[in-house]
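Here is the structure we will look at, set down as structure tokens.
Should a chain be cited, it is by its letter among A, B, C and D, assigned in written order, with residues numbered from 1 in that chain.
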Amino acid sequence: MSGKIKAGVVGATGYAGAELTRLMLGHPSADVAAVSSVSFEGQKLSDVYPNLLGLADLTLENEDSVIEKSDVVFAALPHGLSEELAVKCLAKGKKLIDIGADFRLKDPLEYKRWYGLDYKHPELHEKSVYIIPELMRDLYNGQPIIGNPGCYPTSVALALAPVMKFFDVPDGGVIIDSKSGVTGSGRGLTQNTHFPDCNEAFAPYKIASHRHTPEIEQTLSFLAGKRVTVSFTPHLLPLNRGIVSTCYVSFGKKTDFGEIYGAYTEFYKNEKFVRVLPRGMTANLKNVRMSNFCDISLHYDERTNRLIAVGAIDNMVKGAAGQAIQNMNIMFGIAEDEGLRLAAPAF
Amino acid sequence: MSGKIKAGVVGATGYAGAELTRLMLGHPSADVAAVSSVSFEGQKLSDVYPNLLGLADLTLENEDSVIEKSDVVFAALPHGLSEELAVKCLAKGKKLIDIGADFRLKDPLEYKRWYGLDYKHPELHEKSVYIIPELMRDLYNGQPIIGNPGCYPTSVALALAPVMKFFDVPDGGVIIDSKSGVTGSGRGLTQNTHFPDCNEAFAPYKIASHRHTPEIEQTLSFLAGKRVTVSFTPHLLPLNRGIVSTCYVSFGKKTDFGEIYGAYTEFYKNEKFVRVLPRGMTANLKNVRMSNFCDISLHYDERTNRLIAVGAIDNMVKGAAGQAIQNMNIMFGIAEDEGLRLAAPAF
Amino acid sequence: MSGKIKAGVVGATGYAGAELTRLMLGHPSADVAAVSSVSFEGQKLSDVYPNLLGLADLTLENEDSVIEKSDVVFAALPHGLSEELAVKCLAKGKKLIDIGADFRLKDPLEYKRWYGLDYKHPELHEKSVYIIPELMRDLYNGQPIIGNPGCYPTSVALALAPVMKFFDVPDGGVIIDSKSGVTGSGRGLTQNTHFPDCNEAFAPYKIASHRHTPEIEQTLSFLAGKRVTVSFTPHLLPLNRGIVSTCYVSFGKKTDFGEIYGAYTEFYKNEKFVRVLPRGMTANLKNVRMSNFCDISLHYDERTNRLIAVGAIDNMVKGAAGQAIQNMNIMFGIAEDEGLRLAAPAF
Amino acid sequence: MSGKIKAGVVGATGYAGAELTRLMLGHPSADVAAVSSVSFEGQKLSDVYPNLLGLADLTLENEDSVIEKSDVVFAALPHGLSEELAVKCLAKGKKLIDIGADFRLKDPLEYKRWYGLDYKHPELHEKSVYIIPELMRDLYNGQPIIGNPGCYPTSVALALAPVMKFFDVPDGGVIIDSKSGVTGSGRGLTQNTHFPDCNEAFAPYKIASHRHTPEIEQTLSFLAGKRVTVSFTPHLLPLNRGIVSTCYVSFGKKTDFGEIYGAYTEFYKNEKFVRVLPRGMTANLKNVRMSNFCDISLHYDERTNRLIAVGAIDNMVKGAAGQAIQNMNIMFGIAEDEGLRLAAPAF
């Protein structure tokens, strides 16, 4: 390919779309060529996001126009809308990276069960692949569609991959207690995310019923080589960005923590975006905010024979837009960390 | 007793002491008669806490002077200091309510193991009683010392009492994932609680090693009538007040949620400070802030046969100063909710 | 009157109405007898505000029903709606305290200019009186309607009253830079008050065009005995409650700060809710949150001959619901601080 | 010069030093070659700032070692310490950019008055130059020392430059009401910046006595061509980053706002880091956070003939480390925006 990758963003005024557009400003080999928004068509993106004033002189167009102008389209849409977009992209020979939920679950019954919808174009799913790069990059072999992982599942899968892969975790032995910043709820207005209702507040939500559950289980099962069922409880943190997933793995018998720790450092030794923290440190979302890192800290409860694996990511970067760019880099065969060498601010 | 109860506060400039003094301003049957502080002796309390200007005209004295002027002394001290104070109080015929940790653990070995100290005056512990009022008020029969519960243990014990008492919870079946506001760390300065380091940050701490663990286990064992061991992980929330404890109870077999829910509503039906929320609602610390309530919500994960019991309290009120006043009310035989009929602000 | 005052709240699910209902729970001589809401009619108030669960067992009714059951009606409505309510109240012989804006401005032209509406019932305004208790309580002589002051105007009027009344402030010599917590914007959802857009953000708004400007000028003119025009800039603070108004008074010539300070302490010496802070201290909204206090600190810039008077209140209490109760107490001839002896939490 | 600029940071564990080190990671023509810290000498920078783990493998050394290894030294030190460092740098032929306060004030009497110290090496100040690039870049002609501007003064000078330069502002006509995030107070622990004391709090501080006052006046006087005296009030915002300065300019007579607005857009038309916002928009610190931008919005109060100019910057970037890099770029004759093309996150 000559010249820069031309990327389009459908749903550019949602949080994931806006963050993706911002991150792409620093990508040396790709540019955002066009953006669309149903609600703001015809306006400038910088009217909606004044942080981009003078940086991204993009006018919000419609979907078709974005497809036309792009080599690859990022879809940042509510679930149920990406298949139709995929049909259009493929018809025009364009690639698609779906930041939404429509290309994550392999099993149509699971999609139906958790999202209430059928896949309308099953053949599309044959041409798509779900990729958490650190765990599945070798599954990419030219598919025109990549299903980009959800935010919670990314934090959990990376925090648990080595233990699920290399150790014997009893059935029912995984409990995941996750906490996410408010950007995870998106740009849409709700009473729950109204500042005075949300600030100085904290609670779980969608206990044992969050739609990221089957995606988590799909990946853990893939890693363990057997069906894994988990309890998953998300909570809403009164801060903007970041997820901490505190993952409890009950072994039911004494297990050597040194071996576990060693398996993690070995597994991730060549990864640029995963930091297995030194023993004694604890993962904190503040150290990964605005970056594509996943920090993992490992702790062992000798009294109950449990591993507590803590995974921290920025939900908008590694959990959405950043990982989507990482997947684009894989798709186009360029260095995986291009445009993503971002250091979290300390404060 | 004629007249109002004269209460003294030793350690009045710490957060728990200051909150207790503030709450007592609204108590119809008790007054704060004297306050002490090692660091600020001789200054006015309102110099340190200007919110009390014009409301509490108290000068910080020394410990002995506070004992002299009081019927009951509240100790808000770091662990290891309350026994000596208790000796002095008892010598003068005064009662003591210890908001600190020195009269919580019955087993001296547990105290030694988790706090690194021996009880120097074992006989004092014969004269003391640990009371979470809703669970143990009938244990009070005139003891001169009450050990006031810790914040995390209060939230957990209330959230789990009925299930531990009336249901068969397998050994090792309890995992507690707690989150606390920053006041839980006290008034002392640390890098971790420096605003720019703490704001927009979130992480667990003291995983599998927090000193509230044995206190939690002591109460759950008392309730279950057998030894209970738990995994306990506290986290630091970037907000001032409140604890949410998300408690996972793994039954290992199908259990009737309706029965569990019924046991809770029955158990707490006459309690003024415990609200078992209607099914479908979720406990949020914002609804109990500044109040002495504990909100409990119950959720059942059908897929994994787990109860998720969520307990929310204000760590400084029900988790410290408010519960201490509740215990004082028990000690003096007055209505348990006197001075504590506080409604949480909605925002 | 025998028995407690029966208060009704029209617009009880807005922030001011909800806060008033909560505060009234602690009032010894008044009860909330009925509440209304257009949006939630038929539901329980505690469905909308779960902090009130078990405390206020009130069902949301309609306006007429509230009037019927009440001695005094509090109106917490958007501007333009209170006159019709007043007509109904007066027809039934009930009193009205308008927390909204419709009975604040004496000059119909000012109301028209800033709110775009005419007074439809000018005669009602003859029967109403606007009262900031500390400055105007002697204006109350039985009027059936009290116009309750706005939040910003309360903080400014109290911070500037003595200097406007007793000193010679040149024309154009007053600039007011105010900052308010987000509850000031109410419960309604807006992009601006969506948590991720509002958190870690700060900006002025409605510069030189905020509707509280004429109310501020009306009171300062009343105090000065001459027409006063001000520049007023409000800002939105990323916190829930509280206003700080930093008021600049340019004397244009050397003025004795000791005299000014003395005038303040003398003027407010008998006031229960105004604290003129000791010289050297600075007013902070945290010391008045959840209380009916107004803290005032005074500072003099010798280099430019300016007084900087800082006024801090809780916008929802002294700036709305608390002051409305204070006005109710005046209306019914009971102690002005009944139900309002609240101490701000230190944290 | 062949190869990259070798930069050293003295005081690298303070907030400004840490931010500078982080920002330099993205600079294409410069590297941080060495860092020092008195408190943490011998430790790794990433032990203190784990956000830098895997990104900056730097061990904290001593000052002399840093000078040795660097072409240019950034000093991020408390006032009073930079002159000695400058002596050492110049002796070794190294350049110095002082992020602290010691090379900002030209008049030794002003330095003495506000900082309580004498300049010990007056000759150094002949070799130094204070530069806000947008206003004074042409003053740079090879001086070995650049005094980097303070955070508040940067926001004020940029917000007021065109009006001070091209319009007739009466003596005493400028009042500046500034608000800063908590990082402005630095990494050192204070009660004021302890999370529970600082969160949900807001107040002014150092009213009419802040040390940035003479620096502001020095620049405004330089721009106006006459002595300008201002009233300056800083406030502490409960958020991490950013300054908003609300600047009031009293003309005392009708002044054409269109002309003022035109003067601003003309003056800044070629600047990459100053955005004069479209009329009707208001500067918000959230749109400049983590970036080197200064956003300026202009408002005119017709009723009082005042310009309200609002300047927003990130205090740690444009107000400290970012501007220091911009000055380094000037010093080394490379493009002024190298390493600084950062887009603020929208959330």
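Just so it is clear, contacts are C-beta pairs under 8 Å (C-beta built on N, C-alpha and C of every residue); 3 or more make two chains touch, one makes a residue touch a chain.
In this text the structure is predicted, and so the values were computed from the model without any measurement.
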{"item": "Pair joined by more contacting C-beta pairs (A-D or B-D)", "value": "A-D"}
{"item": "Centroid-based (C-alpha) most distant chain relative to subunit A", "value": "C"}
{"item": "Subunit C-subunit D separation of Cα centroids, rounded to whole Å", "value": "39"}
{"item": "Whole-Å gap between the CA centroids of subunit A and subunit D", "value": "36"}
{"item": "Whole-Å gap separating subunit B and subunit D, where each centre is the average of the chain's CA atoms", "value": "46"}
{"item": "Per-residue multi-chain contacts in subunit B, two or more chains", "value": "15, 183, 196, 199-200, 238-241, 284, 286, 347"}
{"item": "Contact footprint of subunit B on subunit C as seen in their complex", "value": "15, 18-19, 22, 25-26, 49-56, 183, 200, 240-241, 272, 275, 277, 281, 284, 286-288, 290-291, 293, 295, 316, 341, 343-347"}
{"item": "Subunit B-facing residues of subunit D, complex", "value": "15, 181-183, 187, 189-191, 193-196, 198-200, 238-240"}
{"item": "Touch list for subunit B against partner subunit A, complex", "value": "172, 175, 177, 179, 196-197, 199-205, 207-208, 229-231, 233, 235, 237-242, 244, 246, 248, 250, 252, 282-286, 289, 299-304, 306, 308, 310, 312, 347"}
